[in-house]
């Protein structure tokens, strides 16, 4: 059971209203790496967890993330507090209110639709979706997802800290950011407390495919590193060699019944293309006298394509 | 630039059609841990990556995931191949076709809407969304997300292998599952090839909050483990102690202008509640003579609530 | 700040596992009228609320809804507990596991993707979205939304109670259902504690349009009731009379600059249709010798359309 | 059957084009409280309604909302009419067109993607979703949802009226806003024409839980009002008293078969954590010489955290 | 199987960074007509295609669209390259970074959430969804969808070309735009290579309804053209004539069992409205002394509504 | 302005209730090719259309599609009519109601959430989204999208007709299917009434790229047809030849300022990978004594992979 104390986990001190900044901070309220996503990720895992220790940890952290949701939501509410009343009371002229809503970010939707309340959207106004929650019901998998999620949340908080100079907001964001670091540490400890946590699950990998590195992207920029080189790896550069990897025909097949075969033959026949035809098409009909107008000039206005290419080649090394 | 060879990376041999199984396998075609999500996660990272080695690796693996998307999609296409033609050609009676579509899973939508083609949905028919792609533009963050994603994909493949006894499908899924293990290994190597990869970003954490563990969920089941105990941790059991963590007032505040203060006062006044009133409400009007009917019986038909509780207490220890 | 006690607000006693029922119960975990939607509706309102009494009430009820989310999620976890382990451990044959996953509802996705954990989806597997949260930042509006939401949640719980005979589940759902009734009562009291709460906002309606009832759907079945008849209403049956309601031209217009007028003229000219032409079209090209095949028979196999109509007329009165 | 007259229900007179304002007005075209949501809410209810009077009313109002959709869409079309032609004809320089698209709101997407046509999105460009439609097939529930929806629509129109000084747009929005008030009145009459409309459904509430008010949020700001005080309420301040409310064990349980018990035991064993270990983790490996860098300074640059707290305390009372 | 060469299909030469322009270009990366939608549309069709020629074509073009996704994504990455590093390194003051993020478009979310990497969203930040992919498993249908999709992509590229004067970007967009034209041509040829491609499917239309044109929108602006006039059409102006088109009762009916009839009667009775009552409603309770305040003035401040109408009439002809 | 007559455009005669069939038919109510999508596609185009003839046609057809939405929704309502009352009145035992809800399709959500009313979802329960509406504000583009949409709707209706033998439903679906054919004909006529309708827009294609066919998918199955062969085509088989197509460097570049260059260098340096290291990773830590367990056996239980390949090769020719 949840209980609540109206004291925040961290005091929210906002210097002055700023609905545009509020709309940016929504990223951590209703965005994919925001506090609701964090709370729901751990809460759904905690409910089904069988290990008592991990269950306790997941519920501890889920609960704290809800408190963080409250902190970030309170900052947003404070930043919108002036604009909320001004629009509701129409205390300014239409032109002034219009200007205040179109100053950047997605503050317009915050004011018009949400009336200045913190909305469960990201900074572009996209509603939060449980598609962000990647709980999968296996602890060695879920803990890795949690570790990744905490590191994502850390970097997003860092970016938000970098764009505001309001000291009270910076402090609160710094607290929230640091807590993500602490939570990542907890999840790391929990993962490595499970013996034999890699690879996940029970089924072993199939040996010939477990150490294979497929060099699928080749050409300029092909590189080596510990991710594809060394004794753990059997690197495949000649892709034909692994095509198909099982040495079979490489084509899909299915065993149909005779009736199905006959029906499929009818289907194919009815919809067969005539490769030798050159039919008049709708586009042929629709192309005017210019017959599908084209130009020899490129769009950029450069004298010609070869010249542009030469420029590009000269430019690229500097990159 | 991408190129394609119509030979599959792994031969697809399906014993017999099964649209229901096809709808389950869609989980790895258009689901959150499926191959499109994998390919797009690494591809979007690769395009913006500055480190040549990682860029090459990301494009290698993104490309291979597209080949996996083709393998899993080809299995789905084979499993649907009979049903596709039967419905299109109406080669069976309406009743037979109706039965074939309502045999389980979400095969009905596959047939009616997608005509038997592999659809970019999960196994419940939910369309794939880029909300599944958690690329954040920082390699130590993104690599952790990739590691987690590969482990999620591994476990989902394992579950699918566990529910089919078609040897050809099992083989292909085993190949795909094993490749996820190999990819996780690559991403791990790449992460640990970056010095000082924890915590992510440049901003350091705030010391008093970095080692704090907040025991926010208490009561029966409270537990200890390396995630909250030991020298890395300063565990807080008395939550009042960290309320608020900064030692401040714990209430949100914002500095408004005088005009904003006045407008806000007007807003509050206009919408104030009268706590001492006890108004007649719509529900009061709507409650019939039974006045908001209630019953003393519980829903389950047990004799009374106390008895049920007793039963529950007897049952729980066995759990 | 939130705190948590691992004791549930209501004991969850499940007689036996049933993943299909679990997938139906998800409606109140991650569905539009489920507990997360309730909690987030009141929580987002509470954060921005200016009236101390309402703020306290909103946070009280938001917190309790989180506890309900825990109860319903725990029921789901218990119902899935057997299936979760069976699939993870592959303790049954593939055929048995396949059968257990395709027994109805959306239990297949619960097992394959979520591994038996409670997922924030509705009973069709649709992920929860903040589009369900209709908080608008004005209390007389939001309280009406809350009243409606509680009544929706009540009826969905009632339906779920009607389909299960597990006494422990029935009891817990009965508790949750009753709490929605209590919450509706609170929100009603809070709404009517605000003087002058209808219509919402400050702007008055425009008199000629405030009492007008537009009888826009006519013909058989046209009816009267207090919603369109009586002294509060000025009912319009002859729709031409209100076309347009302002007595103007009824056409849209905009004042363009001369340059815009000229550009628009060019746009119109370029894309003008030739109403007098009868061009050959792609469909004309594509229609085979049957020239857009049609049949005189109706689809139902009835002898003819007139006969079917006669049947329909005979059937309808019985309706 | 629907019919249409090209005369608008209200004349649309737009003074001058303004794509930014157009993008804001989309809130009532394709937003959650917009006219499509209203029309579809009542239309879907009307189709399944059994009561002839309500069915007629629902279809009357659904039809009128479609006419409103046409009015608001026509305003948007007029506001975009200049920009539409300018971009299509490229009648200005690239720089001018670029500037015209990035002047605020979401007008950029309106121009680039929708070509100036009214798009079924909200003011942030989020596509309309049927998740906004909360029809539930029970009239005492649906009418409450309709009342709430009309009140939401009223307040959003009021906000839009407050931000534009174009008299023709103001007039049209005033008409639309007033019609929402009239519709709310109709739905109220219809709700209270049903005897015994509270609580919804047939199942009575369970008595001990129907009058209970759970004071789940405590601390500074705890308040009383008719929503939690008075003879209708049994207020619980000591939460332990209701933990669990049924007097049971407060823990979830399920009756598993012996085979399931054994499988679950195997599952638990395989994934058990070792609480006494203190394993080296990935984060330990990744933390550089700075060992998980932290700082004693807060982010805001204030001298120290205690000082900031003191400031916060001084500031808060002014709030 | 897919392979990749790190050389782009078209060289990307960006003159200078511009995150706002980057956010606009996302329309063709992760928008509904963007390159991912194109690639996935053709790829999903190709996997299930039975005709060898069309299968080859679909895979050719799907593969090329992936290469285009790479080109447009690389432009976005280049445009964001400066901002990415500046925010990550915090190389500017908070105020400067804040300004750089709020300069227009949706560049704020690109920077905060995606860290400057190309995101699979449209230009409003809406995540890509497979709802954009309209593959239906029938070639004469799918090819028409492909033709339409290519024409949509062409016009969106044209709009983007019109708003940028960076010659390198213009060139690359011109290449991509032209390829859409070429692809449309291919799909047209493939469509018309199928004999008897209209109407799609096997079932013929019902003759009386195949040539009927229902003039459902009447009044000022009613027009004629080859789409409703001529020998292919049987135009219905008097809508009553086709109401219902089958000559039946025009009312819905269903054959219920006696038990169902009885249950339905009970349902109707329980929820019947009392059309003759005029109940006091919640709105009646809530309307203050102003009794549902209205005004005789219109919103626009014009002297009166008649005057405004007169103005509108004078204005409209100029339209 | 819209008006409505309660007589349906086509009489709905349903033989007996069938909630499963109802859930399948939702595909054309709230699915991507359903009637709401059609109505909204044409309605949004009509509002912004400048050509009087096309505007009239678009509004005619949009209005008729709304009437079709009513017909299909009425069928769904009739099919659900028995189940609706049975669940609401609890006229059967829990077990009977449970069975009735889990008989297939997505009828469970229809009953539990929507109470038997027609829901704006597809046949998998996915809520309708305006992402289905592809109006782009250019008539030669939009008309092609409309043609494609009508052909998609035709084939989906055909599939639904094939799975039901209720004559009344078959008739009504046959009517609706045929009207899609008629609408496609209208849109074709309208498209070809615009001179010079291909390619869309004003900008000509760039000549060297307009006729190029890129044979991007090669290997077994490479084919020729009028889509890649003939005088309209310049087919590229050697992909290196077009890499990059502009003859440039094929690498992305951007002109950064010196300050940006320096910041970027710092960013690269901080996050550089060490390609020569072979770091111990989290996976290395987590791999148990089995060291990342693998097996030499394939999943399918075939004796070995070579044998399976041989089988596949033997099987494939039969395909």
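Here the chain labels run A, B, C, D, E and F in written order, and each chain numbers its own residues starting at 1.
The criterion applied here is as follows: contacts are C-beta pairs under 8 Å (C-beta built on N, C-alpha and C of every residue); 3 or more make two chains touch, one makes a residue touch a chain.
Please read these numbers as outputs of a predicted model, since none were measured by experiment.
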Contacts common to chain B and chain D (chain labels): A, C, E, F
Type of chain C:chain E copy interface by residue overlap (half), same or different: same
Farthest-lying chain, centroid of Cα atoms versus that of chain D: F
Whole-Å separation of chain centres (CA-atom averages), chain B against chain C: 22
Centre-of-Cα separation between chain E and chain B, whole angstrom: 27
Junction residues of chain F - those touching two or more other chains: 1-9, 11, 13, 32-33, 53-54, 56, 59-60, 62-64, 67, 74, 77, 81, 84, 88-90, 103-104, 113, 115, 121, 124-127, 129, 131, 136, 138, 140, 147, 155-156, 161-162, 171, 174, 177-178, 181, 184-185, 189-195, 198-199, 201-203, 205-206, 210, 216-217, 220-226, 243-244, 246, 248-255, 264, 267, 270, 273, 275, 277-283, 285, 292, 294, 298-299, 305, 308-309, 312, 315
Chain A-facing residues of chain D, complex: 20-21, 23-24, 27, 31-33, 103-106, 122-126, 155-156, 159-160, 162-165, 216-222, 239, 243-244, 264, 267-268, 270-275, 277-284, 292, 294, 298-302, 305, 308-309, 311-312, 315
Complex interface listing, chain A residues touching chain B: 5-17, 32-33, 52-57, 59-64, 67, 74-75, 77-79, 81-82, 84-86, 88-89, 91, 129, 131-132, 134, 136, 138, 140-141, 144-145, 147-149, 151-152, 154-156, 158, 161-162, 171, 174-175, 177-179, 181-182, 184-187, 189-190, 193, 198-203, 205-206, 209-217, 221-228, 232, 242-246, 248-257, 259-260, 263-264, 266-267, 270
Chain E-facing residues of chain D, complex: 1-7, 11, 13, 50-51, 53-54, 87-88, 90, 93-95, 97-98, 101-104, 106, 108-109, 111-113, 115, 121, 124-127, 138-140, 147, 161, 166-171, 173-174, 177-178, 181, 184-185, 188-195, 202
Residue numbers on chain D that touch chain B, as the complex places them: 140, 191-192, 194-199, 203-208, 210, 220, 223-226, 230, 246-255, 273, 275, 277-279, 282-283, 285-290, 292-299, 305-306, 308-309, 312-313, 315-316, 318-319
Footprint of chain F on chain D - complex, ascending: 1-9, 30, 36, 40, 43-45, 47-48, 56, 59-60, 62-64, 66-67, 69-70, 73-74, 76-77, 80-81, 84, 88-90, 113-121, 127-131, 133, 135-138, 201-202, 279-282, 285
